[in-house]
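First chain A sits with chain B, and in the next complex the same chain sits with chain C.
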Partner chain A sequence: MTTPRPIRGDLVAAAVLLVVLALVSVLVGVGRLSGADGVELVLVSRLPRTAAALLTGAGLAIAGLIMQTLARNRFVDPMISGSGESAGLGILAMTILAPGASIALKTLAASGAAFVGTALFLVLARRLPPTEPYLVPLFAIVYGGVVGALTTAVAWEADLLQYLSIWTNGEFSAVMQGRYELLWVISALVAVAWWVADRLTILALGRDTAVGLGLNYTVMQQAGLAIVATIAGVSVATVGLIPFVGLVVPALAVRRYGEDVRAVLPIIAAGGAGLVLSCDIVARLLRFPYEVPVGTVLGVVGTAAFIAVLLARPRHA
Partner chain B sequence: MAHSLAPHADQEPRTARRERIALAALGLAAVVAIALSLTVGLKGNLAFALELRTMRLAALLQVGVAIAVSTVIFQTVTGNRILTPSLMGMDALYLLIQSVLVFTLGAVGFAALPSGLLFLGQATALALLAAVLFVPILARRSDMVLLLLAGVVLGILFRSLTDLVARLIDPNAFAVVQSATFADFNTIDETLIVPCVVVTVIGATLAWRSRHLLDVMALGEADAVGLGVAWRRAALGLVLLVGILVAVSTALVGPVALLGLLVVALAERIVGTTRHAVLLPAAALTAVVLLVGGQTILAHVFGNTLTLGIVIEFAGGLLFLLLLLSSRLR
Partner chain C sequence: MTLFPRASTMLAFACAAALLACAPARAVTIDTATGPAEIDTRPDTVAVYDIAAIDTIHALGVPIAGVPDKLYLPQLGDVAGGAVVVGTLFEPDLEALNALAPDLVIVGGRSSRQAGETARVAPTIDMTIDGTHLLAEARARIEAYGALFGREDAAAPLLATLDADIAAARDAADGRGTALVVMTNGPKISVYGPGSRFGWIHNELAIPAAVDDLDAGIHGDAVSFEFIAEADPDWLIVIDRAAAIGSGEQNATQTLDNALVAGTTAWTKGQVIHLPAADLYIGAGGASATARVLEAIAEGFATAQ
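Let's look at the complex of A and B:
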């Protein structure tokens, strides 16, 4: 294990930065913030949007951390490794089979599909030779692509391609009061992750060691899978697919602060929240007064960071 | 030359016969697919329908040959049977060049340029960029999986950049770019067919003339240099050729990510050899059978409900996963 850096100072800095970003996020936009209308605008649109970005970012980063623990590989991200794509497939199936279902039911279907899709990925990924750390992410990306192609084919058949594009490109422009509240589930899931953090750290040591230390390996694995799948389901159903947050933030944080899940969990949550919120602010400013989907901005920022992580990493995985 | 390299001289006739039979069978299948694509369900104004179908057929043939040949060359130069130009993001790079052009020239300026000239410029830009980006990477091919992963992520980066540039231009221009980023075998830009076919014929001829060089390069850099090949120069020339072939196929139908992988893997199984004099035509014929036959089946059996692009992506992705799982990587 690498020697962890002192984390408390960085955590305080991250918290300050988050507050500043949230303020900027509330102030940025087309509408004016003066008078009574301004207050309403803030309450109905700006604050929900800011909260949604913070919650999604924190959730995706934590989901990435847990996914990386389960796959025992630092280069996987639920959103591009099949969880997000499976969640989309679940929503699509729900839309075709039960068009009138509520958003909560669709979210449930998305989470269920994400659970199955992620579990299948983990089973398959375990068969890859452990000597090749890059094989897992490569496999993951193509696996996600296959699930995505299947989803596209189904959507094409059902004439729902345009509908599909709503959640394949994550964005916050539709987030308003009444349209994002399910995302608060993520804060509960982050709390659960915090509660089981030490068991996740042990899980990362591998089956033999973990069982030797008295961990119920299978139950813990299912629990981790459930957290990842629910975060994927909730975020895809409400704001769409936002790639690379779950890969880049945990990979960088763990390299800097070490692998103790309880220690790195707060900074990872803050890092994910800050990354998504700042990308959303950039997305709103790039072509003001129009906006660009945050998923597109993160596609560029995230892949660039991914390549940097890949090429700059130390020789051990 | 490859003949003299064969380990057992007495086995030669049998393998040669097998290769000949396999090639002939592939050729026959291709002819059948072509004939069916021209005749099945023909009705109405015959002359018009035939002209339309011939145009589409020419485009499919051209794309199939370009993708098959470029993939075989790329795999030989990289010494890896799982790498394809599009996995390394080359077709995404082409689309990025295109969207940057639309962004800088505007939709009207873009449309005002003669399409043949524009296309040649884009193809040249792609070939040069590909050489600049990929030859240095290929020189350090110690960790193939890292290279592959970096290529895949690079491809996603190019696609995201294309999408971002597309969002920054005005909505009309956005539609121009958007239509180019989906593989589409039904609407094909007719003005591009002739220049694309010409470039593909030249490219395929060059590849065919390099078949013995490719056989030697398949032995790896050290052995090839030992046998008198100027490795870097040859690799550079071949990557340039790959870039141009990728440009012609992407220009006509858009990105078909895993078709090359699918085609070459199938062709290699069918002919049972990696000798380029056999593998090059076999891969091209397999591509023609898959594309022309697939398009005909999709159009007439499934009533055009599925697009070939999606089917290829799905089937190619599954094959890729199987290849990874069976660890045929090394």
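Let's look at the complex of A and C:
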């Protein structure tokens, strides 16, 4: 492992960058701010959208960090290794069984399904030989694909295929005051992750070491799982499935700053928030005044970043 | 790949031979989406994979032998009763189709890509209706099916009704201001311009578009609610996609009822027209479905303050 880089300076830089991005985000949009309704537009539309992107980005990056800790592999992303797809399946089931259900109930169903789906992934991934680290992401993609295919099959039968695309393609176009507030749950979950950060660091050392150090391994694992599942459920139900953030941001941050969860957690949260917000700004500008789903932008950016992560690895291994 | 040209050449020969064998006087040339096609008139057994075509042919009083599994429009309920299911809108069941042995297969729109498959079983025509000039094409289809099935007598009143409905809708909308066609898809929205699948609302009913440089995307363009606020249309013409496909999801009114849409002229004056979604989205161009859409437009423009 490389020597961890001092983090404080970078954290300040990240905070400044986030403020700048947030300002840009408030200024970018179809409506004109100069008019009499400018202030209302900012309050009703721009600030909620900015907050939604920041919260989702931070949440997904933290979920990725915890997921990577649980799977003991830096190449998994909850959104493309089963959690996101399971959340989608939960919402789909809710749509079929109780179409009139509130968004809170749908979120609950999404989180529950994500919990089960993620737990199953971890159980199966543990059977893979630990000597083959690349097998885990490969299996993750296959697993995510299988859950996704199952969801598609159910949607096909229920004639909800295109409706499903609302959840499988994340975007912030519908975000405004009164339509995104559930995302604030993520800030609480990030706080919880901060609170248990040291225990997550120990968890990453593996069962034997962790138990030897006095950690209640099972409880801690389930707590991590619950955080990942809830973030997946809330974000998928509110803005849809946004890929790669949970993979790229923690993988790069941990390589740069080391494995201490408490130390890297703020920079990972800031990195995820900044990545999603900047991609959403691009998504708003690419075909102005129309919208491109932020999930599509991240698909392009994220694929490039994923390859970078893969190629960069041997140098530090 | 070499098999295909050979098969199609053989099919062409077979068709030509069949045409020569039958009395040529019984053949009629009708306009299809892929150009004019010469077909024997009065096919006895017909399989139809397009909801608009089913709607129009049913309105002409012609029995349909094969239909897709779901017809979406409740008004077509009695068609399903007398017909065999020959697959879905997107995927023909070729075995069922073969067992039915139809004289003619009609595809269109969502099923048009299956024309190659069904043509291996029976002569197939593509009767896709394009949304930019839907009304003209709906008219052409009624005439074509009338000639094809020898039901010109039934086609005439349908054409008269269509013309009257078009005139009524145009009159009602005349001079009432601009409109923006919006589709809600659960919580999200997209807008449709004159070049889109719902372009006929502007092109053929002479309703000015609130945003005239809207991209010509067939599937509409995803926008934020700020877009609607900025466009500030006099009228909102709303299509609820979730309702069109029969899911009981969040409805269009809930989606649009927010602070940004509330500021538009359309919303403050109550000038919001909800179109019968399935008729417009799935049965687009069918004789009775189009009549219901036009009536909703006429009624919408007439009843708002």
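Observations on the structure shown:
To be clear about the criterion, the second predicted complex is superposed on the first by the 311 of 317 C-alpha atoms of A that agree within 3 Å, B and C clash if a C-alpha of one lies under 4 Å from a C-alpha of the other, contacts with A are read in each partner's own complex, and residues count from 1 in each chain.
Just so it is clear, a residue touches a chain if its C-beta (ideal position, glycine included) is under 8 Å from a C-beta of that chain, and two chains touch if they have at least 3 such contacts.
For clarity, every value in this text was computed on a predicted model and none was experimentally measured.
Partners chain B and chain C, brought together by superposition on chain A, clash.
Residue contacts after overlaying the shared chain place A:252 against neither chain B nor chain C. When the two structures are aligned on the shared chain, A:205 is found in touch with neither chain B nor chain C.
Of the two partner chains placed by the overlay, only chain B lies in contact with A:143; chain C stays clear of it. Shared-chain residue A:153: touches chain B; no touch with chain C. In the superposition on chain A, contact of A:166 is made with chain C only, not with chain B.
In the overlay built on the shared chain, the residue A:263 is in contact with neither chain B nor chain C.
In the superposed model, A:287 lies in contact with both chain B and chain C. Touch criterion met: A:300 reaches chain B, while chain C stays clear of it.
Once the two complexes are overlaid on the shared chain, A:310 sits against chain B while remaining clear of chain C. Chain A residues 287, 292-293 lie at the interface with chain B in one structure and with chain C in the other.
Against chain A, in their complex, chain C makes its touches with residues 70, 185-189, 215, 221-227, 229-230, 241-242, 245-249, 255, 258-260, 263. Here chain A touches chain C in the complex through residues 29-32, 37, 40-41, 44-45, 49, 95, 99-100, 158-160, 162-163, 166, 171, 173-174, 176-179, 284, 287, 289-293, going by the rule given at the top.
Interface residues of chain A facing chain B in the complex, by the touch rule stated above, are 75, 80, 124, 127-129, 132, 134-135, 137-139, 141-143, 145-146, 149-150, 152-153, 156-157, 286-287, 292-293, 296-297, 299-300, 303-304, 306-307, 310-311.
For chain B in complex with chain A, the touching residues are 143, 145-146, 148-150, 152-154, 156-157, 159-161, 163-164, 167-168, 257, 305-307, 310-311, 313-314, 317-318, 320-321, 324-325, 327, 329.
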